[in-house]
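A, B, C, D and E are the chain letters, set down in written order, and residue numbers restart from 1 in every chain.
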Amino acid sequence: MTGWLSPSDWEAVRLSLRVAFWATAVSLPLGIFTAYALARWEFWGKQLVNGIVHLPLILPPVVTGYLLLLTFGRRGPVGHLLEQWFGLVFAFRWTGAALATGIMAFPLMVRAIRLAVEAVDPRLEQAAGTLGAGRLWIFVTVTLPLILPGILVGAVLAFARAMGEFGATITFVSNIPGQTQTLPSAIYTVLQVPGGEGEAMRLVIISVVVAMTALVLSEWLGRALARRIAGA
Amino acid sequence: MTGWLSPSDWEAVRLSLRVAFWATAVSLPLGIFTAYALARWEFWGKQLVNGIVHLPLILPPVVTGYLLLLTFGRRGPVGHLLEQWFGLVFAFRWTGAALATGIMAFPLMVRAIRLAVEAVDPRLEQAAGTLGAGRLWIFVTVTLPLILPGILVGAVLAFARAMGEFGATITFVSNIPGQTQTLPSAIYTVLQVPGGEGEAMRLVIISVVVAMTALVLSEWLGRALARRIAGA
Amino acid sequence: MTLQVAFRHRFAGFDLDVAFEAPPGLTALFGRSGSGKTTIVNAVAGLLRPDSGRIAADGAELFDSDSGTFLRPNLRRIGYVFQDARLFPHFTVRQNLLYGRWFAPKNETGAELEQVVDLLGLGTLLNRRPGALSGGEKQRVALGRAILSKPRLLLMDEPLAALDESRKAEILPYLERLRDEIGLPILYVSHSASEIARLATTVVLVDHGRVLRAGPAEEVLSDPEAAPGFGLREAGAILTVSVDGHEADGLTRLASEGGPLWLPRIAAAPGTVLRVRVLAQDVMLALERPQGVSALNILPTEVSEVHHGHGPGALVQLTMGKSHLLARVTRRSAEALALAPGRRVYAVLKAVSVASVSIGAESPGGT
Amino acid sequence: MTLQVAFRHRFAGFDLDVAFEAPPGLTALFGRSGSGKTTIVNAVAGLLRPDSGRIAADGAELFDSDSGTFLRPNLRRIGYVFQDARLFPHFTVRQNLLYGRWFAPKNETGAELEQVVDLLGLGTLLNRRPGALSGGEKQRVALGRAILSKPRLLLMDEPLAALDESRKAEILPYLERLRDEIGLPILYVSHSASEIARLATTVVLVDHGRVLRAGPAEEVLSDPEAAPGFGLREAGAILTVSVDGHEADGLTRLASEGGPLWLPRIAAAPGTVLRVRVLAQDVMLALERPQGVSALNILPTEVSEVHHGHGPGALVQLTMGKSHLLARVTRRSAEALALAPGRRVYAVLKAVSVASVSIGAESPGGT
Amino acid sequence: ADVVVFAAASMKNALDDFAARWQAETGDKVTVSYAGSGKLAQQILQGAPADVYVSANVGWMDEVEKAGLIARDGRKDILGNSLVLIAHGATTEPVDIHSGFDLADRLGDHKLAMALVNSVPAGKYGKAALTSLGIWGAVEPKVAQADNVRAALALVSTGEAPYGIVYSTDAEADKGVSVAGTFPADSHPPIIYPAALLKDAADPADRAFYDALSSDMAAKVFKTYGFTVLPRGE
């Protein structure tokens, strides 16, 4: 196996997994919150928030990456403060890759979860209210379990997107083997070399295998959830 | 206005709109079909189909573009046949950009619609069956209207992604102004020039305005649909 | 149309094994909550594919596990009024009502929209969507929707449970007309013995997934043994009578085997044959013909059977010619009056006791 | 607890304007389908914010459009049994039942799970999810869920509509106990006059979004004017009686103002005060005390009012001491017996006619 | 007639300028598709309708030639470029670039921005230069590779990285960076931009444009953008 892929390729695989995992895990709570707010609340600036959430989908990834660089870079207004206050640095770190892929995947996640929230029968939430549950508890005990399939879909979409994202990542955190060289960056690199198709294909296969595993797992989990609710 | 953006920039805006529109419009029926099949049918190879649908999400866009080039290019097996039989050429035409962005957006579209299909109460479809509706009619008169909000979301996601897609498009159909240079490609191009940020920003703003308009329209339509079903 | 039903189906924790035949007319499925009624109806509609068995209409197989036949619901032309209304939320009431029309054969006649709308009191609701309807309104729309789809068989799962008495009183005669005039066979689930007594030509008693008793309504309902199944309060017999004439003070005179009966006006022409249900608890027995009482109907009968249950009461079967009556009395009275087969007694029956709900037109499918 | 309800609300095409007071006990909302019952109940629960008005419990405002008060549903501690069960599909029956427990104050006592499960016959269903329940089973779980949430007020929207008679007969005494022993105030929607007659201490008649009549159950139900609202078949009076003793042949002797009454065994200790509902159509009138009849209960009374309707019948109010009875007779009999205020007649009443459903423990909230 | 040119993205400014002049002169239209050289070569290999290809490195041009897609007598090296070390800020103290110079120390904890060192031409040349100067080993762990030269430039321009290695043509216009030094021409393989007339180019205008790329007018234009113009006939 080690002969099949170079150690730095393996490094890229490991890094991509880590980046995609954290990008998904960290953005999930925020994604759920945002989706719920957009689906159920009326507030000033809602359309603005909705627009901002979709921005990474609309903008070419390089632009997103560039904007991230300007904002979260060491000298960027946010990056600067984060470093000063929390010692949190994104630039040239895998955390930056996670931030970039997380942001790129965010609209997908939010949309999936929002669709699920909108499909929840509000009469069930009302029933929970009459049984004494406050808003938070209604959310936790009724809404959340009912949107689990949607959350699952959102998470898988985000994970898959995070595994495949390239443009924003390389623009924001560049391509430092072992630190920010994710699978797509590695693939891109070898594809730019004449005759690099063979190695690229091997990396693509790994990428596909990882994402498919996540996909099949999620399908399986989704079915289990659906069966549970159908009441077998 | 013409002074604000160069004619070739306007060309790119027009082209992007055309590409995104057709990518969405043509893939929508297929997306609905695929989503329905994945949600409701059991068939051999279902997981495979599911995997293939998600592939463009997982693969780095350049890889997808490269695979498209190999398959649908003039010398590619499929591209060759399509040209011979139907005179249909994708390579280096705006149709190819539509194909690339359509494929890149397809998983998003399918996932959104599939979530909506899964939220439709099968008991309503059963009721339609007892009233004499066959499978197709049940789909057209019951399922389809009930998943309209999901279709809308799917279409908007696809349109937005098509407006923003860059990697696969430039790899597949290159970056020929007036023919295959979409907004993201144009942005990329001007970003290659020192001092091109100003023009890039103008293009980004146009891109954002277009996509936001689509977004707001879709939100508004979605609300109208929801209100109708809520029964006001 | 005769429906033959015989199948088994297992749910985790519930085992259904039923066989019965539903001849033309209205067949009532009666049984406790959870006894399997909806499951049976679903199997007939084709919404449930039973583990094994056979379901056929007039010999045509709808389902047969041996031959692997399973006709899809839309090909069965079976209208179904669901226990939960299942209206299409995106359609207006009018569109819901007309839904089945698209698929029904154009040349066949059936109920007309206006007629159904009037009957069900839906006139002001036609342009609303189901989300803005009350519980009973939804149920009425579901009823109309099924009827308007011109089915060859109608399944009704507690269609009137959410309705008030006066609305029920309006709808019941219509169901009778469907049964008799259009000759539409109906499979009807209800908890209400009086609804069943009025409408059913055949009764199927279901309990814990088994058929306890099935047969013509008169027989099953007049059978003292079967009575506990309906609840003692609902025990009663069905008398077949014919309209004799309408009198000036608003009463209708009926001819029965035991003599004339007077009931509050019945809208039926003289000569019409009717089924009248007399509840056992509404029948008082007297050894001599009582004088100066408000009860108009006093019939000479002979005790044919006395059935003592566990409680303080007794069910007495009375015979007049070939007809039977049931009377429910206390054990104490039974002893005081020395009731025993062969004893001649007068059955005293108030005119107003026979609820209009229990007067039905004689069904062509009845015995 | 006394509930004060007075509000207006407009839907497109429907206008609700109601005001009534629900004193402790069980207040029944009665009215036709679409008359506005569910809307009222929703407003009390806090699921609907009316356009204007005020809703208060024991003076504490739940809603007041003037002051802008609107207490959220979860702060009202009002249990609600919905017309559609609304069970949580992702929870098992047990989890559904215990849901309200998480939020109820821990120190307060309330119904126990086991007790409720037994009563509602849910023992074998505890680990199922709602998707695998029959219609009646769902309704029973919803009932249990609301009761177990230890509410201070219980709203029930046709809780028993999907249930069979025997199941109802088991549940009704329990509701009485909730009402009387725990003293839980209940707002109860039902189409069944007999359910209402048995349970209600207060009756509110709703029609087309307006309150037609509201008052103590005895009054509203014994009022010949209000009777048509319930359907003539359900007209009847409520007698307050006390248990005198249990006799060997299974009958219970009751003392009423008109003399002794014998009914099939009632499980209540001697001395207990009970409410007994006697349907107008079950009362026969006789000028002389009949002899040799199966009816055990013959009470001397005096006619106090004769109410002629449109039909061939008449409602006769009878007085014995301070109690009233209603009798429904034909106009022909009324004339034959020359019934008029002041005339002394015997009311003949079969022991078995008084359905056990109409025997209720005297509620502390009753008059 | 319409001439379709596939050109390396780093040539955009200069080539746009030249093409505009040539259009004005001849009345023929030029359309340029800018992307990475590799991408363009792959597209040409797959039958892209390009008439002229200008690559930023020799390797990809060789691929195209091997595939037999270049017209007879249709390849020439037209431009050269030099490699510079840039620093963040409008001005900077000059750095003496020589064998073993102290780049690693100057970087400290910070990064050196380059284009991808194994695939993008500018990155490859930079790596070769640092290797021949004997400091690649010390610098390598501090290299941040961007997917193209412009992205590397942006990293320095925004101050994310203090130093970067780019073409002198890129450093020209960016106000956020200044040239700290130029790599000796012999420290890396010559930076050559070959141009090719492709086999499918049938229109006379195509060859005219190809020829014009090595005209005097072209030389003048390219020089103003910082390129070195290679002697004709090489």
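In this text, a contact is a pair of C-beta atoms (placed from the backbone, for glycine too) under 8 Å apart; a residue touches a chain by one contact, two chains touch by 3 or more.
Here the structure is a predicted model, which means the values were calculated and not measured.
Under the contact definition, subunit A and subunit D share no contacting chain.
Fewest steps needed to get from subunit B to subunit C, stepping only to touching chains, is 1. Two chains share more touching C-beta pairs than any other pair, namely C-D.
In this assembly, the chain whose C-alpha centre lies farthest from subunit D is E. A centroid comparison over C-alpha atoms places C as the chain most distant from subunit A. Note: centroid distance subunit A to subunit B, computed from Cα atoms, is 20 Å.
If each chain is reduced to the centroid of its CA atoms, subunit D and subunit E end up 91 Å from each other. Each chain gets one centre point, the mean of its Cα atoms, and the points for subunit A and subunit E are 35 Å apart. Residues of subunit C in contact with two or more other chains: 12, 84, 128, 132-133.
For subunit E, the set of residues touching two or more other chains reads 39. For subunit B, residues that reach two or more other chains under the stated contact definition are 62, 66, 188, 191, 232. Applying the touch criterion to all chain pairs gives A-B, A-D, A-E, B-C, B-E, C-D. The touching residues of subunit A, counted against subunit D in their complex, run 123-124, 126-134, 137-138, 141-142, 145-146, 228-232. Of all the residues in subunit E, the ones that touch subunit A in their complex are 36, 38-39, 41, 59-60, 62-63, 111, 113, 116, 118-120, 143-147, 151-152, 154-155, 158-160.
Residues 62, 66, 69-70, 73-76, 91-92, 170-171, 174-181, 188-189, 191-195 of subunit B are the ones that touch subunit E when the two sit in their complex.
Put simply, subunit B touches subunit A in their complex at residues 47, 50-51, 54-55, 57-63, 66, 107-108, 111-112, 114-116, 118-119, 149-150, 153, 157, 160-161, 163-167, 183-184, 187-188, 191, 200, 204, 207-208, 211-212, 215-216, 219, 226.
Of all residues in subunit D, only 45-47, 72-80, 82, 84, 86, 88-90, 99-100, 102-104, 128-133, 145-146, 149, 155 touch subunit A in the complex they form.
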